[in-house]
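Listed below are the structures to be examined.
Two complexes follow with chain A in common, the first pairing it with chain B and the second with chain C.
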Partner chain A sequence: MAETATVPTYRRTGGIGRLLERYPFLPALVIVAALLLLNGFFSPNSLTLRALTGLLSTYMALILLAIAQTYVVYAGDIDLSAGAILSLVNVAIVVLMERWGGGAGAVFLALAIGLLLGLACGLVNGLVVAALRLQAIVATFATSIFFTGFALYVLPVAGTPAPALFWRTYGGRLFGVPFVFYILAALVILVAVMSRTRLVTQLLAVGDDQQAAYQTGLPVITTRIKGYVLCGLFSALAAFCITGDTASGDPLVGGKMTLYSVAAVVLGGSALSGGWGTVVGSLLGALTIGLINSVVFFMGTPSEWQNFVQGLAILLVLMAGVLAGRRARS
Partner chain B sequence: MSRVVSFVRQPIVVALVLIVLLLYLGEALSPGFATGGQILRLLIVASLLGIVAAGQNVVILGGREGIDLSVGGVVSLSAIIAGNVMNGADGGILPAVAACLAAGAFFGLLNGLGVTLLRIPPLVMTLGMLGVLQGLLVVIRMGIPSGQAAPALSRFVTQPLAYGIPGIIWLWIVIGILLALMLNRTVFGHRIYAIGSNEHAAYMAGVPVKLVRIALFMTSGMFAATAGLCLLGYSGTSFANVGEQYMLPSIIAVVFGGTSLAGGKGGYTGTMAGAVLLVILQSILTTINIEESGRQMVFGATLLLLMMFYGRGRAMRA
Partner chain C sequence: MSKLKLSGVSKAYGATLALRRGDLELMAGEVHVLMGSNGSGKSTLCKIIAGSVRPDGGKILVDDQPVTISGPRSARAHGIGIFYQELSLAARRSVEENISLGKLPVKSRVFIDRSELRQRAARYIGLFDGVCGEGFSADTLVGNLRPDQRQLVEIMKALASEAPLLIFDEPTSALDRAQVERFFEILRDLKRRGRGIIFISHRMDEIKAIGDRVTIIRDGETITTLNLDDTDPAAVIRLMVGGAGDMPASQSSVPAVVEGKGGAALTVRDLSGRGFRNVSFEVGRGEILGFGGLHGQGQSAVLRAIFGAGSIASGEILIGDSRFDAANPRDAIRRGCAYVSGDRSRDGVISGRPIIENVTPIHYLRDRLLIARPGKLRDRVAPALESMHTKFASLFHPIGSLSGGNQQKVIIARWLIDRPDVLLLDDPTKGIDLSAKADLFALIRQLAAEGLGIVLYSSEDAELLGNANRILVFNGGSVSRELTGADRTRYNLYQAAYEAA
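Let's turn to the complex of A and B:
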């Protein structure tokens, strides 16, 4: 991908090509809009504020996990332990909140420790992949087994409830607006600020051409480690959302979400080979997965066929995401 | 001296030394661990993983970030197809083998077409295919019972066939020899290494790159299907998502065998040792009397430790 990201292309492209180059997440946006329309067509009720709030609070965790994954993918790495980090932070904060009585102070302290835990897990991943130079796919699979074991140690079986204060806030309203919309707004601002930081530029440079980045004097190893740390932090934020949504702890809750987070990143048009992508695309990619699931449900698909239709639809939009991303880069 | 060092540092030698050490450790922790019958049982389990890893191995050798995440889905699908086609009757084995191999080849073909014609990265293509296969499994499972293994198939997998060794281990040895011959002695094998180490050069030299890559994914699908069939013989009936446990371990077995995930370097003999190593490690952990949480933490940490011996990337140089 050496010729792609940082080098501006002055070749005259068609209108669509230029648009894609400026807004690479456009195809994902179109897909999300189309899926929303389909949803409304099959079930008008699914476009009410109430239904959209429900959708958002269910998929906010996946959105955050997809964003977490994006930062490592920027640098050409991958994190197969993101879901395991989510599980670990989920059980850790639930157990701590319960042990400390479930008051506001307990909740904030537990969340702070959850963030630290996510940071530590990300640091471990970064060290084994970037500093010890193990291959990212297998090394983060190994750490995911370790993190899952740790989660099982903290809470052997699913079920400890989160304090009411926590999930009531997450599922409730603030000044009449559902709380998840504040999360979404804060997230968008956070991500917009992040995208202007030197770190993100460095991650993209490393992913674009590691050797060139090194020769330009970039601290390649430190940058990749920071990418994994960011991934750990956002995985912890994802854990907060899943705790708010399910209101309980489950040591295996994130296992299935890892591959979905990778899929969401690809749906958003980012290149898995690194050096090119957008966080907004990943956010839309995660929403796409959620909306596909709900369209398939509202279409009245027989229950035994739902997984198959979802799988097929996701495969097709994955392909579309790759093709559109390539079009934008060429 | 340097010759000795380079011999000892070969991944397959590392794996074999580790296997012997782990067998000693297992015997020390729980006497009877390394007896003949126990080792045969370990080898049966290892052969299932090893057969899946054979397909994973050739796909990875073919380069361009080759990887097949759909193997887990194909293993499960094949087990349920086989169970229904034979349904406990020996006469149904041949049709079942044909049906499973056809299914494996079909999904491999789809993967290969997506990767070559549409140039979808293998990780993405096979990840999507995994989702489709898992959905398909739900459909099949709702419609029909899970089926049963034919007695002859179960005997083949679990009972001694010749010289006291079960048929599946013989099958694995034959696959190992055939793959080694194919990779080292045939035009096709050389083409795999060629496209894995430098696709453009291979193309310029007249290698039909796309056809070879499609063939690799079909091979992977058929090996996964074979493993699914044998898995049915091993467990007697098929369970939901039995194959999932093979997805990432098959990649680890390949890495432990010294094949580079970058492609073009490695072989299957090492992967066989890697599969045995992985299975012995898991088996030792189940014999130790600790909580599941501790077992998983030790397993994850040991995997990381073992990876330190294998194919670490090169340090950056200016």
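Let's turn to the complex of A and C:
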């Protein structure tokens, strides 16, 4: 992948170009704002706090999954098993909470185990891709099948409910503020802290030019493994949100979400070839996908046309982002 | 006491023996020059020391202790720092991050210590204060820098390793003279402080200026080590090329030039565009016109603009008597204009493809070939490659299997199948070895004798002085001085380049 990542020489950037260089997620931010306006235009009710809370609690899982994906994409890798990890953690915690009685202690213990499970899955991916040097796309596709199989073993049929304590907290309010906003705030802090770590810079350096990073003396293999472990952890967090939102376990819930997470990363302005991007961009990218779905719904698109319109809208947004970037750079 | 000693180090890639027997002894406080033609194994030797290539055999001693260097990290731990010829920078990271990338300063064990990072970068950027050029600062992305500035960052990165043993593999190929001089001052200072430095360069004057001893490598084998004070360039070159001592005198500063045959091949009047303004000159048929001056003063920009690859705001270009304003390189090629860039990987080589495909694209374009038979093409390609003494196994080997010098010969050969009227050479000898340079200039003179108009931009003064009939010295995007006849001296060239610079 390093070979395809050519960097233009003598690039002179103007004011907007420099701004974009600092904040590559700006186009995504503009698009999110535009989509919010569109939503408001088609249905003024969709901009109420209640509606936005609903949007956030539905798409918080995708946001987290997109963030998870970002860390592997930083290093020029990809994780096609992120959705499967989400499913596995989802069913594991639902089954454990039910088995342990659904009290507060059981919930926390199950969540801790869910995190460990995500970490273990990430470690497996990391070892397979970075240490064994298998192709990331195919290797993580294979582990995704494996994780899905494990999820089906844990819970063969969808439907086991999560304890009320868990989903009521997720969907409820704390001191009058919806709980998902606390999650969002915590997430922003977490991401800001993460961005200052040495690991993130090392991931980006590895993704920029793996050979150069190796020659510089960076621990390339360990760094890539750590990227996958981070991805596993954030996928587990995404699983907590999906469990809170759907209030049940479903061994196939994450399958479709994997490619959405990849799309969100790209919509957020990150380079799939690695070395370039922001987590905030991915967050906005995930919101973009959520908002597109909501616009399509509020526009009153007939159900048989919804997928068609959604796909077209994502393509349009992608194109707008690319054009904005190109214009600013020239 | 020797800081580093290699004996009998070898490395093979499949059937090709990159290094047969590498011996080297480096003392503290010396600049040890490694010399050898391209593909002789210098870079392999350096990479073995730096850990990025694992040797197949041989012994390495650091401070008289036998060591195994298992990778770049282990090399760093043994106190070895390296400047990579092909650079090891992260293009989308800032200058300051790149300088410290090998050992990022941390606080609380996981977070990057930004203030320490900044201070460290400032220390090494400060060493090159005043010669970094515009647009260079600690927070610029490396990908936005000019090639010479990137090379400076790689130098700073090597220096920042603070390793007692430093390797510089062609660190000066893109630098201008002021930058080189500053770099040499820094090297001399490091030398005084007892560091051991391995230095590779193809520029004889640099080697004389900075080196203490020289080790000569030929065909993967260490030939000998000499004191530079006891030897002369001619002797070193003889040792480098081995038995084949029939080198043309192109490296000498004797201005052996063909007289102009009358009639202008290329006329440029008041040409202005991005990076240059009001440039006027005429190149006669059979003339070699030199472009000189410090690096990046508009020489390349003018050449690329004529070839249709740059921007032209105003002005006029004529080839022969007819107006020539190529909209794009494709147009320029059709109308008999040729351009050879020193930046092979960007402008010349079709990487991963066979040699024959790399020789023929211009032929396809000029003859509007749609379907070609390899057998017929071979007959046309072979003489072009032979006239350059290109060494290759077969036409169907990938271009990447050739050394840098031979790759450049292939690139030049592609213009020789259908002769152009004008040949633009944009620092064509960057990073190629002395014997390939000699072949190249012999050919350029021959082409001039056949009536081509040639423009030669070279960052090496000796090449200009030895080959160009006239030299235009560029300064800040326009021609500041023209040197003809007896004025073409190293002193004048040097002086004109630095005027008001």
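We take it that the second predicted complex is superposed on the first by the 307 of 330 C-alpha atoms of A that agree within 3 Å, B and C clash if a C-alpha of one lies under 4 Å from a C-alpha of the other, contacts with A are read in each partner's own complex, and residues count from 1 in each chain.
Just so it is clear, a contact is a pair of C-beta atoms (placed from the backbone, for glycine too) under 8 Å apart; a residue touches a chain by one contact, two chains touch by 3 or more.
A quick note: this is a predicted structure, and the numbers were derived from the prediction, not measured.
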(message) If we overlay the two complexes on their shared chain A, which of chain B and chain C does A:A186 touch? Say first, second, both or neither.
(response) neither
(message) Let me test your reading of the model: by the given contact rule, A:G275 touches which partner, first (chain B), second (chain C), both or neither?
(response) second
(message) Touch test for A:V177: chain B only (first), chain C only (second), both, or neither?
(response) neither
(request) Please work out whether A:L37 is in contact with chain B alone, chain C alone, both, or neither, and reply first, second, both or neither. (result) neither
(request) Applying the touch criterion given at the start, work out whether A:L312 contacts chain B, chain C, both or neither, answering first, second, both or neither. (result) first
(request) Could you look at A:Q202 and tell me whether it touches chain B, chain C, both or neither (first, second, both, neither)? (result) second
(request) Would you mind checking which one, chain B or chain C, touches more residues on chain A? (result) B
(request) Considering only touches as defined above, state whether A:A131 meets chain B (first), chain C (second), both or neither. (result) neither
(message) Touch test for A:E21: chain B only (first), chain C only (second), both, or neither?
(response) second
(request) Return first, second, both or neither, reflecting whether A:Q215 touches chain B, chain C, both chains, or no partner chain. (result) both
(message) With the touch criterion stated at the top, can you tell me which chain A residues are shared between the chain B interface and the chain C interface?
(response) 211, 214-215
(message) Quick check: in the complex, which residue numbers of chain A touch chain C?
(response) 5, 7-13, 21, 196-199, 201-202, 204-205, 208-209, 211-219, 275-276
(request) Can you check the complex and tell me which residues of chain B touch chain A? (result) 65, 67, 69, 114, 118-121, 123-125, 127-136, 138-139, 142-143, 248, 251-252, 255, 261, 291-301, 303-304, 307-308, 311-316, 318
(message) List the residues on chain A that touch chain B in their complex, please.
(response) 80, 128, 132-135, 137-139, 141-153, 156, 210-211, 214-215, 220-221, 259, 262-263, 266, 272-273, 303-312, 314-315, 318-319, 322-323, 326
(request) Quick one: which bits of chain C touch chain A in the complex? Just the residue numbers, please. (result) 50, 52, 71-73, 75-76, 82, 84, 87-93, 97, 101-104, 106, 110-112, 114, 141, 143-144, 146-147, 157, 346
